[in-house]
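Shared between the two complexes below is chain A, which has chain B as its partner in the first and chain C in the second.
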Partner chain A sequence: MARKPSIYPYFWRAPLLIWQGLFFVGPLILMVAMSFWLVRNYRMEPDFVLANWERMLTRDYFWSAYQVTFLRASIAAALASLFAFPASYALAFLVSETTRRWAIFFLIVPFFTSYLVRVYAWQVLLAESGPVNAVIGFVGLGPFTMLNSGFGAMVGYLTLIMPLVVILQTFSLAAIDRNLIEAAWNLGASPRRTLVRVIVPAAKVGLILGAVFAFILSFGDFVSPFYLGGSKPPTLSILIIDTTKSGQQWPRAAVVAVMMILTLFTVAFAAVGAAYRRNA
Partner chain B sequence: MSMSHSQLTRRNLLATAAGAALTVPMINRAWAQDPTDINMLAWYGHAEPDIVAEFEAQNNVKFVPKYYAGGDNMLALIAQSPPGTYDIILSDAEFVQQLNAAGYIEELDASLFPFDDFWPEYQSFPGHWTGDRLWSVMVRFGLLGVSYNTDILSSDEASSYNAYWNSKVAGKVGHFDWHLPSLGQISLLNGNRDPSPFDIGEDAWQAVQEKTLSLKPQVGGYFDYGGTFSSLKNGEMLAMCGIGDWITGVLQKDGAPVASVIPEEGGIQWTESYSIGKGSTKQEIANKFIQYMLSPGGQVRSIQMAAYPGLSPTKSGWQAIQDANPAEAERSGLIEGHDQSPRKLLAEKRLFLRDIPRQQTLEDWNDFWSEYKTA
Partner chain C sequence: MTDATPLVRFSQVRKSYGAIEAVRGIDLDIDRGEFVAIMGPSGCGKTTTLRMLAGLETPTDGTITIDGRVTNSLPAHERDTPLVWQSLALFPFLNVAQNVEFGLKMRDVPRAERQAKVALWLERLGLEGFEHRRIDQLSGGQKQRVALARSLITEPEMLLLDEPLSALDAHLVVRMQGVLTRLQKELGITFVYVTHSQSEAFAMSDRVVIMGHGEIVQIGRPREIFRAPRNRFVAEFVGHNNILSGTVTQGEIDVDGVRLPLAGVSDGPAEIVVAADRMEIYGSPPSSPALKAAFVSEEFAGAGVICYFEGPGDLELRAQVPEARLAELAPEPGKPFWLAWAADSPHVLTHREGRT
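Showing the complex of A and B:
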């Protein structure tokens, strides 16, 4: 006798599916469709033309912005992963459970304030007449131009992603089976060898996920490149704003957005694939 | 007893109403009837208490503003709303023709407005009239020139657009992130004065692009309204292309060492005017508000508007600001014969109206602006 299919699991899955359908898949489909629409007299008209795609993808400024955005997000992800690792390592292996809990709590605290507010604070700190340059001035250096530059934007990206990367890395490092590390020691592996051959591979999933989140958040960020980078040069998110401002070209902005989403999907799938691939 | 008490309270409140945002709801509450909503589409600041509180209290109305940023944005907001959504529309003058062509605004009765009181230069503003039919009334304007940090550049050094290439401001030249004013200024520097920096042929347009690209090494960033303010104020930018007193005037009040001059190559004039939205059911009160804004008292408010100052096109407005705030009249040149008087600059052909490109499309200019930003 065939088992009667239960609706129970579907019932519990429904809210998530409905939510995702309404607020992710729906808008995504609309956006892809919109990239084929036309704008006449500042009004969008549903249509099916390739003009927006042809126009945006043949502009040099689109590809310059694409390169800048991709490069910056990659650097931000790499820097965040590198800077975060010693801290995560210390939190996972060198401190007490209580200290780790407090540290995680303090890593969550930055999210209590809006990211935009924190970026405005950096504007004050990094200004040429600001406190950071004042301190550097004590040793007779500077003042350095830090705002409205790639450096400024990078400070903003790291402000956004660093706490998250540390948290993800810490959890994955802390979850490593200590017996593996002890075994490596007992078999005579040096600390460095233990790190490279045992700890990093065992925590691979968390490390890669941290870097992917860092990349995704930086790639789509508007606040840092605009308010700390001075739109110099513009990133894709700034290009979207510019495109909608000039002649209400939402369909062309949709082309940029779809290209960004395709990029993020590619990067995310590649990274997750790498994270869960079994080592040969 | 309680009546007189409440009237006294109202009178007290009325006395302090102007400029005090918090008092507005209280005044309204004091009225027996609910106030009528007037929907206004405008640049930021035009429906704030420093401008409308007195009118609201006198007429038992309440302005409901929808603020936009730029003419494109304005046109889109109207296009996407049903007719009659906006009762009163404040627009940049160069977009009035497009508003009219699209049928978004009502014809106005010219006899309702004090055109005799306008200085002759501003009486028949281009695009506001078709023949003798009136579509929009100019209410204020302002000048765009070289805005600079007075600690770094002298006013002599700033008196040409070449100041942007001065080594003292290397890496510290900001752009207000809109192509029309910035490219218009470069066009003026290239000598495109006849008929206008916005009416240029293909060769001249090429030359404007090349000249603009040569400024790139000096550029420190591209800023929105807020960013322009803060970067000039904290000295992060030492010169700003594409703006004028509408920004530096506000900063000066705050004590920042900044100023704007109209350089020898000429300045660009922005102009704001009121129209009545097509299908509005509140045309009578909207007309009354336009009259109010053109009255000497309304002009004094407009000249000193908290969000950004503007100049007055009327004779009585000039007189009123000279009486109400002589220092402001002097600072903004609203005195006949004054060296920076806008009428004098206009007579000397040192002022050009901001316009949309006449021989290229807006899209061409936009495209180049995007290229310039990524260059």
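Showing the complex of A and C:
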């Protein structure tokens, strides 16, 4: 019996589809189109030329910015996943349900304040004459230059992504069936091997998603590399700003943006594929 | 170690969680090659007992000896006491072969030997060709057999089972019971089987341990427990029993004014158990004394029909009859019947005190 098609499911999907169409797909198409436009006398003209692409993709400064951005985002994702794991493990397995709830709450609190404000706070803390150097000075070291460096940018990235990574990891670890962990012990796995052989594989999806979010947020971030990283070397986000400021080169900036989007699509696609890959 | 020492000895083992006492000082010996069922209602401490044996819980008091060695605080992963979980706890991120070889891998057995053993155990449990299947592609019975293969591959001296069949369909339960008893006989190892199901426990085990409220209430062969429950708790928990109290005088027991024959019991108050299949039902008052009871309902059981009655003083009575006999009796709710039993049928409860 053929079922009469119902508009009901479409009704609920409509808002999301309209929203995504208007604010994601639309601008994306516009941006891709714009990357083929021409700038004449500081004005953009719709056109179809490959000049912007050729100009950006043959320049070393683009590729070095790309490399810096990709490398930093990868390191930030790796460090965040690594640093977050012990905390997530403790929250998932070692504390009471109540403590876990409070911890999740306090991990959400940082999102109440603007990321920009928190980055400004780091500027004070990490300054040459700031409190962190003062503490290091007590043991006779330093002062270290922490601002306007890769280190500064990394501190900023971790500020942005750590709470989210801890939350995602904690949820995925807490969702593991405890019987699986006990079964591993019961079959002769030491606690360390249980961690590697059972806990990590069982929480794989959440751990990978945490790292992917960390990568995406760091890859596109402008605030940390600008205010803490000193924009030298520039990341792709800084390159976009610079390109638009110099001679209204929006089409060239669009090329950078499209390259970023393509990278994020590839990374997210590969990661989600890996997360949900099953044993054949 | 001489063969006289039991494989497992619980001695005065107690386990409490804060103020809650899950296990209250149990003594139990389990021999090599024995199939022991630990049975009791939920919360009786049977699973805690099993988990202490596996090292997943540490006794609060007392000692657990395995092979003559006190193992109270030996970590779970240093024992060879594999457990089959009720949920089976198969690793969903590993395939069948990887699940089965897990224990060998953790013992750093070389790859070639692991593969040979995996093949052997999969064959033994009828799982050839399933090596590369994912766990979620298996049926309930197949999962069960993977769990068994995974637990047995290290060739342990004992296998612990925690209600492993409770999630299966009825027809599969019977088949798996066959698989389990055959395996246990072939391997000659000890099985400790925790269940709340009387039919599973009685069908498979050499000895049944009945637990209630954290204590062992009775240990015995299935038939012993069935025919001679030690107290009211066991009689109520095990099967279809009638539990009657009355006063004994001169070889007769007075149950609510009806004097029924009872041999070999000294005078005084007594509690007796008559199994449902030993009850006789009469459609009209028989010449010998019988309890008058109103029919309540019937229930089909494997070997016949269990009829429920309400006797004098709201006494709940049950009798098992063959289906043909039921047709003759033509019971209807409220219709009176007379129930009696042969003089040698009742079993006298020796421990009248508690419900445990």
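In this section, the second predicted complex is superposed on the first by the 278 of 280 C-alpha atoms of A that agree within 3 Å, B and C clash if a C-alpha of one lies under 4 Å from a C-alpha of the other, contacts with A are read in each partner's own complex, and residues count from 1 in each chain.
Basically, a residue touches a chain if its C-beta (ideal position, glycine included) is under 8 Å from a C-beta of that chain, and two chains touch if they have at least 3 such contacts.
Bear in mind the structure is a predicted one, so any value in this text is a computation, not a measurement.
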Clash or fit (per the criteria above) of chain B with chain C on chain A: fit
Touched chain A residues, chain B compared with chain C: B
First (chain B), second (chain C), both or neither touched by A:Y42: first
Partner chain in contact with A:A183 - chain B first, chain C second, else both or neither: second
Partner chain in contact with A:R193 - chain B first, chain C second, else both or neither: second
Which superposed partner A:D242 touches (first chain B, second chain C, both, neither): first
Inter-centroid angle chain B-chain A-chain C after superposition on A [Cα, multiple of 10°]: 160
First (chain B), second (chain C), both or neither touched by A:S64: first
Which of chain B and chain C A:A202 touches, first, second, both or neither: second
Minimum distance between Cα atoms of chain B and chain C in the superposition (Å): 45
Touching both chain C and chain B, counted on chain A across the two superposed complexes: none
Residue ranges of chain C touching chain A (in the complex, touch as defined): 54-56, 75-78, 80-83, 85, 87, 89, 91-95, 98, 102-103, 105-107, 132, 134, 150-151, 154
Residues on chain A engaged by chain C in the complex (per definition of touch): 177, 179-180, 182-191, 193-194, 197-198, 201-202, 204, 278-280
In the complex with chain B, residue positions of chain A that touch it: 41-43, 59-61, 64-65, 68, 123-124, 127-130, 145, 147-148, 226-227, 229-234, 239, 242, 245-248
Sites on chain B touched by chain A in the complex: 69-70, 72-73, 75-76, 79-80, 102, 171, 174, 177, 179, 219-223, 227, 230-231, 234-236, 362-363, 366-367, 369-371, 373-374
